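The same chain A turns up in both complexes below, where it pairs with chain B and then with chain C.
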Partner chain A sequence: MSDATTLTVVKMDGELDIGRRAEIRHALAVEGNPSGVLVDFGDVTYADSSAISELLRFRNDLNRRGLPVALLIKSPQFKRLLEYAGVNEAFAVFDERGAALTYLGNAAS
Partner chain B sequence: MNNVAELRLSRVARPSAVKSLRHAFLAFLTANDVSEDCAADIATAVGEALANSAEHAYGNAGSGTVEVYARVERESLIVEVADAGVFVDRPRREDRGFGLRIIKAVARSVSIEREGGTRVRMVFDPRFVQPLEAS
Partner chain C sequence: MPLVFLVLVVPILLGGGHLVSRVLRESFANSDARRAARTLNFTLLKDQLDEETGVRGFTSIADPEFLDPYAAARRDFPGKVSQLRGRLSLLAIPGAEALLDDAAGVNGQWLAQVAAPLLADPHTPEARVVQFRGKALIDRFRRDSERLDSALVAREQGDNRRLQSAIDNVSTLVFVAVSFVVLLAAVAAGAQSRLTARLEAARRRAEAEARANLELRTAFETEKRIADTLQDAFAQRPLPVVPTLVFSAAYIPATDETRVGGDWYDAVELGKGRVLFSLGDVEGHGIEAAVNMSRARQALISAALIDADPAAVLRRVNGYLQSAGRMATAVAGYADAVSYEFVYATAGHPPPLLLLPGRRPALLDCGGLPLGVLEDCVYRTRRVQAVPGAVLVLYTDGAVEHSRDVLEGEALLVQAARRALENNVTDLAASIRTEIFGGRQVGDDVAILTIGFAPGETTRMTFASNNAQGTVISGARGVGPVPSSGSLGAAA
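Let's look at the complex of A and B:
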């Protein structure tokens, strides 16, 4: 996890399945009071419902704190997983990092 | 690539074993000429059944195994994920319980037998599978 001015970036890669659930939860434990959070899953090649569960917990936490979140997801499998689970509209999902940052910038202003 | 009509795998049911089972299953799909996107979806569904078994089947009762059996039948793909434990299909909370929903979104049909363990039987649509060449 890294801070860029007041934006927090969470980056994970590889396959996010049940075997990495604790790691996902730990990575998404954002502290402090950033202006927003970019979850960079651009290098994630696979995800399962464990990742969805952790993302929803994370989103609910940020909602309570009034913080916007954007997901960068490039894997077609991951995008379809969100649809199959019926949660694709629960997140702001972007293909490109620039678009995600623009969204977070607008949400914070 | 040579078609492989059947696949049978068995591992200790634990979260760290799900990835290797899923990869072996993906190799089976590739050997049967299933397209990349379709294979990814089918492996996602099977991965959810495996994850449920790994997470819940044996609870505090120690460890046990989970088995994957897959076969191409005519132009359908039939996959069974079986363990000797308990299938957990809790009422879906907002942030949990997506596994069965995902399986149902991908598979043509799903049935769950709960006698002497749990057996999740999934049948995938023929469009996912290329017909085997006549032997």
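Let's look at the complex of A and C:
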């Protein structure tokens, strides 16, 4: 089903809070049938509970569609927040882009 | 309005009717008199002529039989004159009575000067002269009679005109009056209806305003009552009094207007030395968040009464909130005064802070997805061995995310807890709050709950503290950078 050559990248930055909920939801609405999705939150420093719940719902959606997802995180504060929320248990989380891409490549093949 | 109509119209109609009926009555009476007068006048003329004819016949033929009409006329004449006079006086026609008088006089003259000599001697030599005088008198009588008749006819025409005019006048009057009244009634009705409409509109506006005010006031009072009730329920839920356990709590609403937020804490004695604790945060602020918070905390207590395992409790509450479409984070568990253990599980919630006498405060493990986001989440129960004097500090994310740098927030919290411990404060939660926030405005709600084992039970402390160290260290996480956990991702 999946097209091995395409990879969807979702990139956001700054602080993700309830004021950006619609934007987050829109960004995470992945269409089509890519081989995988890289959520590049490398420049995100903060996410409140509403942003995190969007992220979790997104993961659930992609899981149902059988699409592998990698979450790229760099800010230690943000990483700690995701730890509170157990997001690191639900996602494949990476702090380096290459590792994330490798993971997606392996998952797709 | 109908009263005005009656008052104006009824007298006019009655008056007009009365006038018409009077004129008609008069007119009928006059008409009878006139008719009778004309007949009598005519009869008198006929009598006069009968007399004359009779006398003339007698004169020519000298047969007394010719005198029968004369005699009859002569006999009836005076009575008829008197009757006619009565009618004429009733009719009061100017000059009419004079004409009758003249005619009666002429008749008298004729009887004296014509009839009498001829009857006395039909063959008198002056017969011819007498006949001529008689003819003149008869002509005069006839003229009088004709004039009288003309006067009566004229009177009849006048009466008819008067009747017609009276009827016309009355009709006009009634018409004008009725028109006036109808117009007045219409104008008044218009004014009345406009006034009624204005009054009705004003009344409706007033009612609508009153209703809106009432609704507003009701809504306001309802909201205030709910807010107060929830706030009171929140603020007043008593912390349990248990030997060997010490509690403190603090709650800071985000702002004064939204006193009630989505944060809660509970400590409920379960028996056998166990005290349930729960602390959490439902998404949002205000009444709706407060209501959802209330549901979540009750659901949590209910689940805890069924299940002793905190992870199972959170799993149940997750199912409940997920079906309700509400998101919350929570930490729940119990303090066991017999085993000196803290047992807890977290769901998307910041880590509990453990304070042990003589040791650095330590943030414990956390994790687990927030409640109400995804179905079938699995949570993990963690056990921490405590000692007398050990305190577990639970807090909502507002306590560490106020600057949006959660690591800095954690450091501040740890520092605040250490200071509070050093100062040996009685109300630990309030002291931590003050250390963190001072008098600053708080962006988010903050709830803090501390559960501590009473210090000073030497035997237990010795026993437990030896046991505790290893467990605590293994379960706790120090403050500092978090190791990357990339490999954990394949969870699903």
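Odds and ends about this structure:
Here, the second predicted complex is superposed on the first by the 104 of 109 C-alpha atoms of A that agree within 3 Å, B and C clash if a C-alpha of one lies under 4 Å from a C-alpha of the other, contacts with A are read in each partner's own complex, and residues count from 1 in each chain.
Rule of thumb we're sticking to: a contact is a pair of C-beta atoms (placed from the backbone, for glycine too) under 8 Å apart; a residue touches a chain by one contact, two chains touch by 3 or more.
Only a predicted model underlies this, so the values are computations on that prediction, with no experimental measurement involved.
In the superposition on chain A, A:Ala92 contacts chain C only, with no contact to chain B. Using the contact criterion defined above for the overlaid structures, shared-chain residue A:Ser50 touches chain B and also reaches chain C. More residues of chain A lie in contact with C than with the other chain of the pair chain B and chain C.
Using the contact criterion defined above for the overlaid structures, shared-chain residue A:Asn33 touches neither chain B nor chain C, since it reaches no partner. Residue contacts after overlaying the shared chain place A:Thr6 against neither chain B nor chain C.
Of the two partner chains, chain B is the only one touched by A:Arg21; chain C is not.
In the superposition on chain A, A:Gln77 makes contact with both chain B and chain C.
By the touch criterion defined above, A:Asn106 lies against neither chain B nor chain C after alignment on the C-alpha atoms of chain A. In the superposition on chain A, chain A positions 15, 46, 48-50, 52-53, 56-57, 60, 76-77, 80-81, 83-87 are in contact with chain B in one complex as well as with chain C in the other. Those residues of chain B that touch chain A in the shared complex are 15-19, 22, 37, 40-41, 44, 47-48, 51, 54-55, 94-96, 98-99, 101-102, 105-106. Those residues of chain C that touch chain A in the shared complex are 281, 283, 327, 329, 346-351, 366-370, 373-374, 397, 401, 404-408, 410, 481-482, 484-492.
Across the interface of their complex, chain B is touched by residues 15, 17-19, 21, 46, 48-50, 52-53, 56-57, 60, 76-77, 80-81, 83-87 of chain A. Considering their complex, residues 15, 45-46, 48-50, 52-53, 56-57, 59-60, 63, 70-71, 76-77, 79-81, 83-95, 99, 103 of chain A touch chain C.
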